[in-house]
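Common to both upcoming complexes is chain A, partnered first by chain B, then by chain C.
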Partner chain A sequence: MSEPIRFHFDVDGDNFSSAGEASVQVKRMLRQIGISPDVIRKVSVAMYEGEINMVIHANGGDADVIVEPNKITIVLKDVGPGIADINLAMQEGYSTAPENVRSLGFGAGMGLPNMKRYTDDMKIESEVGVGTTVTMTVLF
Partner chain B sequence: MTVNELIDKLELEVLNLEEGDRQIEGGYTGDLLSWVMGRAQSGDMWVTIMTNVNVIAVASLVDCACVVIAENAEIGDEVIAKAKAQGINLLRTPLSSYKICNEQILL
Partner chain C sequence: MSNFKHSVFLQQEKCKGCTNCVKRCPTEAIRIQNGHSVIDEERCIDCGECIKHCPYKAKKALSDKLEKYKEYKYKIALPAPALYGQFDNLDDIDFVVSGLLECGFDHVFEVAKAAEIISEYTRNYLRRTDIAKPVISSACPVIARLISKRFPYLCDNLLPIIPPIELAAKMAKEEVKAKHPELKDEDICAIFISPCPAKVSYVRNPIGIEKSAVDGVVSISEIYFLLVSSMKKIVNPEIQSQTGLVGVSWAGSGGEAAALFNDKYLSADGIENCIKVLDEIENENFAGLEFIELNACSGGCVGGALTVENPYIAKARLQILRRYLPVSQNHIERTDPTEVPKSYIWDQPIEYSPVMQLDSDMSLAMKKMADIQAIYEMFPHLDCGACGAPTCRAFAEDVVKNNGDVSDCIFIMREKIRELYKEREENDGK
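Right, the complex of A and B next:
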């Protein structure tokens, strides 16, 4: 594996049932190229939480996954409302998710904390009214 | 214990069975999907009353041994089809989450 392998997905903002398709596909492809189950779990859960966030909070966006010999980088970019207070958003249990989303089992305010827990590095760049980019790295 | 053994002993309804001889290594119960993703382990029996299609994605990402739907919660055909497509062992029972976990531990 000399050249990085890249995957790109458009994450549909108004389809809740297909939310997570990209993460499930990434999981499959990482398995095919022989990445360890432990790393696959971290990458796919972190990406799924980020993907769901783009669907719930930002009307969709773009997901990119870059696989290099010793790390996987996930970049989730949306042009949604942005996050006004990132420290607050990072707190376990903090959520602005609407009731219909909660009834599906989402909106526990654990997504961003899970993403941080499952990755070795996470960076959130966000501007209100412009959008949010979350970059996560898993080392192995 | 394998998934097949769990099905036999607790008389679970089989909605989709892909890998009956998969070992159950532990368990987790919960309906909030982020908690499940944060806490459940690979090889767990996951007990929940949630039945929307996202349950299948979470089960796949967490790599649980099986999903057990408690309280005979209603589940759509499209969710069962998704379980089939993603190779998820999907079971159901009238028992409550509490009861299932109790009985599984006693097995």
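Right, the complex of A and C next:
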């Protein structure tokens, strides 16, 4: 069995246009490993959404991707405001994104639902005022 | 893939081994080895960025000299729309058409004319409901090859219609054979007047079809001076051009997309920008778009490495040239609004070729990836290029693939020398 490989990225909270860079890099490395295009796409879409969330709500954070022979785990950890009501946040269309962000086309309230849709498992741990950790798994 | 015939090559005696091309190559296909640049044929997409950026003009594109075709009984010129933007004070395309005839061609068939027909069929294709959207233009061969190597998920989104250059060659040959039934296939030669090396590669290794109807490619820069002097002899050219502003607009970025009369499109130019757009499309970040036009060169085809004029000046000239042209001079008969004739459709779908994959065995690939990570951590992350690779990351990959040695990193080498020095000093002190 191969040892798991871990990729780490700092997600810069100041810059919208660079949001998504980590998912592009991950996509590249997964391609090099030979992960199937469908799995890469799931990981990439879910991670991109998560990165954007960290930039909008938490001023960035840490992204870790762990590749194992049968699954990929994405851990997104921030020290932002936290999510008060996770069930509400998971509803499609619910968003607390500020107006300036919406004007850029973000904040449609589809981020978390999409992350769940594109992954096989998603766990959110959050504490108001402390931060949020989202752990997503894609099996293959 | 090994029989792929590239058009970009190196004139080794001119290469100084600097890293300008290494740094600019969008697929990280170039390394400096033994003092000169080496192109990885598997990765090269013939975009011509290295030709544009080589300060020593050591990178060249293989294209033909006009003399090569003088044996043919009947020579057809297929001028790219970008050619029309290369001349100062040109206000009538007929000068270019007549000039090409003066250069020794027997017939001229404008690629812009074929482009207008392709635009009509693309509109039909977009009306279909059973296709993957957004549809991505396949007219720029660099983009089509890039997608086949890096964007497996987008292969199905490529417009599966032959490019204007191909249609132009086919139609021109049919026209000529109807007019001159005495000519045999081998008597006729269709020569594309090209703005870029990627079109040279396209003709040798066509995309989506078995064999191209284009027989040869001469670059715009190769024919330019002969053409200018030929054009000067012409006073009142015959009315021969058969293109409207739609066809001419294909020369610049956004022209192909605008011709679809559908505002749900995006057009981007410059290879780095195109890669960014493709990454975003792959993540489904542009909802509601119908068509994506991507041109590897800045400004579109007018920015090709084998043109003469600055792309933005060429584009400005085309605006003036277009002013008095009808919208389009070529139309298809209205039948089924979603019809695209079978002869226009690719019969060989584009397949993903995973050239970036480290190993066909995934557990070995994972092992190599782990090694790359470890070696990458040893490097200074300055991407200085002194090792001959574009980035520290790319060099770590080279080392793992046995194409380099860590001591080629000058920072690691410096450390080693320091250690040796220290050792010697200690030994001397004893």
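As a working rule, the second predicted complex is superposed on the first by the 139 of 140 C-alpha atoms of A that agree within 3 Å, B and C clash if a C-alpha of one lies under 4 Å from a C-alpha of the other, contacts with A are read in each partner's own complex, and residues count from 1 in each chain.
The rule is short, and it goes like this: contacts are C-beta pairs under 8 Å (C-beta built on N, C-alpha and C of every residue); 3 or more make two chains touch, one makes a residue touch a chain.
All of these numbers come straight from a predicted model, not from anything done at the bench.
Enquirer: So, does A:Val24 touch the first partner chain B, the second partner chain C, both, or neither?
Expert: Both: A:Val24 reaches chain B and chain C.
Enquirer: Quick one: classify A:Leu76 as touching chain B (first), chain C (second), both or neither.
Expert: Touch status of A:Leu76: no partner.
Enquirer: Mind working out whether A:Gly111 is in touch with chain B, chain C, both or neither, as first, second, both or neither?
Expert: first
Enquirer: Once the structures are superposed on A, label A:Ile56 by its partner contacts, choosing first (chain B), second (chain C), both or neither.
Expert: After superposing on A, A:Ile56 lies clear of both chain B and chain C.
Enquirer: Check the residue A:Tyr48 against both partner chains and state whether it touches chain B (first), chain C (second), both, or neither.
Expert: both
Enquirer: Report, in rising order, the residues of chain A that make contact with chain B in one complex and with chain C in the other.
Expert: Comparing the two interfaces on chain A, one with chain B and one with chain C, the shared residues are 20, 23-24, 27, 37, 41, 44-45, 48.
Enquirer: So in the complex, which bits of chain B are touching chain A?
Expert: Answer in residue numbers: 31-35, 37-38, 42, 50, 52-55, 57-58, 60-63, 78, 86.
Enquirer: Would you pull the chain A residues touching chain B in the complex into a rising list?
Expert: Touching chain B: residues 16-17, 19-21, 23-24, 27, 37, 41, 44-45, 48-49, 104-106, 108-111, 113-114, 117 of chain A.
Enquirer: Write out the stretch or stretches of chain C touching chain A in their complex.
Expert: Touch list, chain C to chain A: 150, 152-153, 279-280, 282-285, 352, 354, 356-360, 362-363, 365-367, 369-370, 373, 397.
Enquirer: Could you list, by residue number, the parts of chain A that touch chain C in their complex?
Expert: 1-3, 5, 7, 20, 23-24, 27-29, 31-35, 37-38, 40-41, 44-45, 48, 67, 69
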